[in-house]
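In order of appearance the chains are A, B, C, D, E, F, G and H, and numbering begins at 1 in each one.
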Amino acid sequence: MADVKAILREVQAGRLDIEQASELLQGASTLDYATLDLDRASRTGFPEVVYGAGKQVEQLIGIMERLREHQEVVLVTRVSEEQAQRVLARWPDVQYEKEAGLLIASREPLRPVRDGYVAVVAAGTSDLGVAQEAAWTARCFGSEARVIADVGVAGIHRLFGRLAEIREAAVAVCVAGMEGALPSVLAGLVDIPVIAVPTSVGYGANFGGVSALLSMLNSCSAGVAVVNIDNGFGAGYMAGMIHRKIAGK
Amino acid sequence: MADVKAILREVQAGRLDIEQASELLQGASTLDYATLDLDRASRTGFPEVVYGAGKQVEQLIGIMERLREHQEVVLVTRVSEEQAQRVLARWPDVQYEKEAGLLIASREPLRPVRDGYVAVVAAGTSDLGVAQEAAWTARCFGSEARVIADVGVAGIHRLFGRLAEIREAAVAVCVAGMEGALPSVLAGLVDIPVIAVPTSVGYGANFGGVSALLSMLNSCSAGVAVVNIDNGFGAGYMAGMIHRKIAGK
Amino acid sequence: MADVKAILREVQAGRLDIEQASELLQGASTLDYATLDLDRASRTGFPEVVYGAGKQVEQLIGIMERLREHQEVVLVTRVSEEQAQRVLARWPDVQYEKEAGLLIASREPLRPVRDGYVAVVAAGTSDLGVAQEAAWTARCFGSEARVIADVGVAGIHRLFGRLAEIREAAVAVCVAGMEGALPSVLAGLVDIPVIAVPTSVGYGANFGGVSALLSMLNSCSAGVAVVNIDNGFGAGYMAGMIHRKIAGK
Amino acid sequence: MADVKAILREVQAGRLDIEQASELLQGASTLDYATLDLDRASRTGFPEVVYGAGKQVEQLIGIMERLREHQEVVLVTRVSEEQAQRVLARWPDVQYEKEAGLLIASREPLRPVRDGYVAVVAAGTSDLGVAQEAAWTARCFGSEARVIADVGVAGIHRLFGRLAEIREAAVAVCVAGMEGALPSVLAGLVDIPVIAVPTSVGYGANFGGVSALLSMLNSCSAGVAVVNIDNGFGAGYMAGMIHRKIAGK
Amino acid sequence: MADVKAILREVQAGRLDIEQASELLQGASTLDYATLDLDRASRTGFPEVVYGAGKQVEQLIGIMERLREHQEVVLVTRVSEEQAQRVLARWPDVQYEKEAGLLIASREPLRPVRDGYVAVVAAGTSDLGVAQEAAWTARCFGSEARVIADVGVAGIHRLFGRLAEIREAAVAVCVAGMEGALPSVLAGLVDIPVIAVPTSVGYGANFGGVSALLSMLNSCSAGVAVVNIDNGFGAGYMAGMIHRKIAGK
Amino acid sequence: MADVKAILREVQAGRLDIEQASELLQGASTLDYATLDLDRASRTGFPEVVYGAGKQVEQLIGIMERLREHQEVVLVTRVSEEQAQRVLARWPDVQYEKEAGLLIASREPLRPVRDGYVAVVAAGTSDLGVAQEAAWTARCFGSEARVIADVGVAGIHRLFGRLAEIREAAVAVCVAGMEGALPSVLAGLVDIPVIAVPTSVGYGANFGGVSALLSMLNSCSAGVAVVNIDNGFGAGYMAGMIHRKIAGK
Amino acid sequence: MADVKAILREVQAGRLDIEQASELLQGASTLDYATLDLDRASRTGFPEVVYGAGKQVEQLIGIMERLREHQEVVLVTRVSEEQAQRVLARWPDVQYEKEAGLLIASREPLRPVRDGYVAVVAAGTSDLGVAQEAAWTARCFGSEARVIADVGVAGIHRLFGRLAEIREAAVAVCVAGMEGALPSVLAGLVDIPVIAVPTSVGYGANFGGVSALLSMLNSCSAGVAVVNIDNGFGAGYMAGMIHRKIAGK
Amino acid sequence: MADVKAILREVQAGRLDIEQASELLQGASTLDYATLDLDRASRTGFPEVVYGAGKQVEQLIGIMERLREHQEVVLVTRVSEEQAQRVLARWPDVQYEKEAGLLIASREPLRPVRDGYVAVVAAGTSDLGVAQEAAWTARCFGSEARVIADVGVAGIHRLFGRLAEIREAAVAVCVAGMEGALPSVLAGLVDIPVIAVPTSVGYGANFGGVSALLSMLNSCSAGVAVVNIDNGFGAGYMAGMIHRKIAGK
């Protein structure tokens, strides 16, 4: 949101008329079915991202079209196979990451814009979809992301074998289902922030990921913060934001 | 329900026989699979509405047929695509609002019968179905309804841009999924009642709308009351009832 | 919140300096442990209310002192016996409603400022504390409130005996614990909005009021909206706001 | 289970050999995939009933075949359309109650064996499937059952119109979804036991019938006992058992 | 509730004036803090019972005083030690059942008015308080009640030793905490209705009785219906009502 | 439970009269408030244990007195400080383990009766009470028990330092609160059964131990089975039973 | 995990170079999408098992291929019909247990390697799939497993008829849905450890197996430990491990 | 954990004996009731912190004594008034932050060791205790922390008035109870990471903080990660760790 006093000074000086100042102070841009937030990047550092679930394909394409005019990269999350195919029919150059359920429309090929990387650590092979969602999100926002798969606590030595690579990252995303114990173990071994993502992998008393979520919230290791179940996007975004702050750009 | 003493006086005066008085005092009218409440409008101000979910199409048509004889407007909620198509095959003039899951059978075109309007405010594009259910319900009962879409708290300035329009309404319906924060913010900014509708939009620890429901029940702003998850009908009905009382008709 | 364009025009005209305009646009007034919202009445129609639970007595007195300078009526909710006694020691003229857990500091005796009344309907004797909280809240904001006690559905005829009085109200608050069935029955019998308040009265599978809360959210009667468990304040506030709108002042 | 001392006396007297006595005392009869309880009627008054859900059709037919040799009436509950069609292909004389999800294989046409009847009271048209399950179960065990539909609390006078018929029953089954308020209201009006059946009719905070279940468990009216969500069978069985005891046969 | 036509005939015949008829049809009798249901016995067969929890002692005494004028037996449930002592100070002849948390004010000593008895079966010694609440409730309403203690499933043979006594009862109340398995086992062995009462005895994943409650609702034996956790009163009332129907008085 | 055929043969041979045989087949021994299971050791290998919670002290002493006549060791669990002091006043020789909440009345000093030991592994210092309950229970039933404290996953190397001692045990009990990750890690490192005990240590989203319970039920390592929250007794009993089977006595 | 000091001594003696020692101490073996735990058998006594749910068929085949090189028996759990058919197309010799959802790839026919057996006791016919999963898992790890079906508590005598066979087992797995009472009853009758498996068989307040899970965790009989809902694999693994320890191999 | 190869090289070179190397590789230091993790700072950047809840005072003092020998700052969380007073009696120089429930034993006065600061933003006055816990934790680990109180969404303009100060922080901690909407609003307005802390402030359907927790997990704004309910420590620790990484020391 704009700096209030600055805009007022512009008004006072006669350099900005009332309509313009009002728009700037209010900052809204309205379509029929959506009110796009075109200045989000100036507030939060990253442009608006589209939540695909429950949107009709026409709405999705309309929103993407408008955003592509303003943003270098347009990221759509929680995309179904059917939504994806119809968007690809419209824009064959859009990148579809099926396992991660993402659509990425980028003017230029994605590449890291800062030093260092984000480590995305996944407990099991079945957690890879969520891990990929986190990794691609971080990449969309300018970070390198490395995925380290299947190092869950049932064979804890597998984690130790990859520990050096994780410890050299700027920040770690840690993805786990079932009992969700990996973030606690990992956070006790590294000096970087751990963003934990519970997944819905499991059955029975797993309750769609609640078991892993509660584990992560109750971690006996400090240095862990948690995002929603299966929310790879949120973790990748948070990791990218921290990485940018650490790298200074 | 009828005024007991009035009926008794009619009986005492001999102007009403026992059978008629008994019927009036009991007010029941029974079909095979339903007991229609034909005098609901006299009690509550609005005629009976049909809950479509779980009803066989034959039952639905039977009930609609009977109600259409007695009511200006027959509203059916929670209608599936299949139910709707079969009803439309029977009565092509019935209005089917697909996004809202409603069937509307009205003798006359719907139009507002009172001054002012109901503002239906929706946090995201994915909440629009529920918002439309609320708006059409209010319209069925004689109110004008305006839908203001996609003004959720992730870009709070979007709400400010539409605030004047909301503040001039008689009552607001506020529809939100995910964390359901919009009603709290809105109720702190307006002097009209806010009927909050949590939606099931979201995933993971959203638990089918429970997250938004709890947020709305725990609103730190006063002036918020809540209906069931995804219950656009209930909110539109409540808003219409308040609007009618305010407008005096 | 102030009208943006109006303030801007004042700035443009030189009638308002930058500091003043900035304060008005931002509207914050900060103490050590609280940021009081002194212009809430201009936004929402009612001044700020203090939530007593969890506040230290010194904080409570400090906040009340500041608010009493600006407001005709200061209402404090969720007050413990100990908090109340210490506030009364400071200001013996403050009104303490023990059953309702409220403190009321009013410059003038409370009296209705509008025609009509709010009906507060309680299912059982054990629900009276919450009902009184609703009734006193409505009174603080200028409505007359009438409490109708112990008319729960176990003897449904008791409700019928009081129905006329309820139907003549502008709006009803309906308070019930245990299975919370009363609002559904009531809303099927009246043409006024019903604000339902679940209470924690009960035991076992009542789960501290969850049973009544779910009943009210799932009401088969339309015209019901719900506030938090035991939230008599929220219901009284909502009822008062609707009453004010209906009465036109 | 047999009377221990009686069997021992038979052994002592030499009228029963060790093998037979052991079998009688243990009472087991084993198939490959089931251990049928052929003497259940002698213990509980009613023969074994088959739970259809999750059983393979071959298992279902095998069990029915064996039971039909020993029982006048074989009742199968929770039958899917597919299971039913394959059983009917095997035995075209079996009665399939589709709405209730029951199969009934009876040697003789079902008819009441005792005076009086069971009243099955349903709140809404959508609850009729569960109500029919209860009614047919009671009929299988020798009771007359009368279904009274769509008398829910949104129009409470509809219940009053049917009250006389309910009060003359030996026992009532009361079926309701949504907020499940009907059993509380009914039990306050009659002097017969009310067996309450919550149904999963509803959505959102209904949680698959939990709302109605909790209401019924927390009924402020005494004289209500509850069975599982959608468990029309259990209610019909309980009602039939009470009816048999009252009728003395 | 009175027979509508009968009252109307009285009015028509001039034998009942409008006021009296109106009162009879409405049947309400109002105090300050309670609306007593003095004609409940005529509707449900048993007079009104007082729920003690959450009532102030003055309210409790006021209600008891009024009810004692009209009823042979006044039963108060969920009474705390402090409430009981203050009531006993007022009426030393009132019977206080401490373990059961009941007050009983009876004009005549309680004694059975019908043949047969209610069997109250308790799984463990810690369940005895709830069992006594059930037993005394049944006694208040004219049944003999026999308590059979500590026959839980950890030593199932203990149940077999008491089975004859249970099978000869008219109806069984079955009280159990922890896993609540006893009603399932019992109902598979007897031909009388089993009213199951889950208790909050246990800890951890018992969740205050939820474990036992769910077990009883999911009983694989038919012939079980359930009341609220720790609701000995409800079970005793239901059992007494069934017993009265069976005994024919 | 006795061998049915053996008893029948004794009856047939005239060596056992009907009363005696009936008692043996039924095996019940009844007090006023309890039905003691004196032959439990013959069925399950361990004598009856007394659950102290919710029992009156008189009941507790009565039960202990009776059991001490028949059993070498009487163990009472979930004992409060007050219960313990009153039992100690009666029998000063009884051993009171305060941290574990146990009373142990043993004729002879407890000592191991078999080779090998049970390893009781606790995640944190705050889990020690539950660990001691498990250890003393195992000791009561003849096993040596070693407690290994504070080796939780926040510093996973602490576990590795004690691993050799754990791997040489016959069976492990693993006690943890908060996220309850320790059993998963441990079971991936050893070839002995792990009995996991969640504790209520923690706060917030720990929900009184539910977080740890779900973690353990969802363990990604096989070889883990779980007992109730804080149920050190159950784990120690299970470990002792497995140990006895392994040791062959 | 290797013995630290032993490896260090090898290094000190020059018999092991730094790279090899490091690998042994770290023990990881990495693929693209999985990090296989090839030395699990040396740590836990049983080789790695593959969790099939949520894995792409290509991943599944890749993992199986690698494991088959190293292990005598490769067990895959939670296999869908589609996954199974595609694996069978690749390796027609693999054994597919459809009811249990297992794939078994064994170099030699499975046969018991130790004396005694595991008793798998199932409450109902609908629980057989989970019971078979437990039985086949135990067989994969060298135990004989006997399935005893349909002996639930609704006809408790059926259990008594099979008790001798259960009591002679080394360990029992007890599988039950609905109210899950069977393990409590069984554990009170035998002197062997009981591994309880709740199943999701049931409906309504069963909540997908929660009812049975809570029952088993709250068992009033000691000697019961519980695994996740429907987790036949976990129970069979645990039983096999205990059996191996008892048998001494 | 130490660098494995480095230690091995020391062993190979004969500069480290087997005992020492083994200790270093295993890193455990064991007391009676605790296994202190003295090298945690070398792994995670911050030394061990003591969880006070549920620890006996003797244990607490013993652990603090040992840690004070090794650490500059010893922080104890979740300290009760009684624990605090007894520790202060032992060491009068220890700092007791009562509102935050912390004990801080620091050799030198705490002062920031890096540029920038952590903003701790609290929604209400009742959330201040948790906010202070977060602020003091960050200070213990070398960050400046500024608390911004009572800027919740009921008067959203209060937040805007403090926004500049928040935006200049390195990282924000955001503390809120009730509906927990503040983090969503805040994260939409700033470009720094937001660590959200739900508090248990509220009542009824707040469920001890669950409402706020779910809101934060379902935030429609990206850039939010969550810690446990009331876990000010965890948030302050995470914020301090991120701050340290950003500041480069």
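Side notes on the structure shown:
Methods note: a contact is a pair of C-beta atoms (placed from the backbone, for glycine too) under 8 Å apart; a residue touches a chain by one contact, two chains touch by 3 or more.
Because the structure is predicted, anything quoted here is derived from the model rather than measured.
Shared contacts of chain C and chain H, meaning chains that touch the two of them, come down to A, B. Comparing each option in B-D, B-H or C-H with A-F by residue number, the pair that reproduces over half of the contacts is B-H.
Look at where the CA atoms of chain A average out and do the same for chain D: the two points lie 53 Å apart.
Chain geometry summary: the mean Cα position of chain F and that of chain H are 37 Å apart. One finds 58 Å separating the Cα centroids of chain D and chain H. Shared interface positions of chain E, i.e. residues touching 2 or more other chains, are given as 1, 25-26, 40, 124, 154-155, 160, 187-189, 204-206, 210, 213, 217-219, 221, 228-229. Under the touch rule stated earlier, the contacting chain pairs are A-B, A-C, A-F, A-G, A-H, B-C, B-D, B-E, B-H, C-D, C-E, C-H, D-E, D-F, D-G, E-F, E-G, F-G, F-H, G-H.
Across the complex, chain B meets chain E through its residues 4-5, 8-9, 11-12, 14, 18, 21-22, 25-26.
Listed in rising order, the residues of chain F touching chain G in the complex are 1, 40, 43-46, 49, 160, 163-164, 170-171, 187-193, 195, 213, 217-219, 221-229, 233-235, 237-238, 241-242, 245-246. Partner chain D is touched in their complex by these residues of chain G: 124-126, 128, 149-151, 154-155, 157-158, 160-162, 201, 203-206.
Within the complex, the chain F residues that touch chain A are 123-124, 152-156, 178-181, 184-185, 187-189, 202, 204-207, 210-212, 214-221. Those residues of chain C lying in contact with chain H across their complex are 1, 26-28, 30-35, 37, 40, 48, 51, 53-55, 59, 63, 78, 198, 200, 208-210, 213, 228-231.
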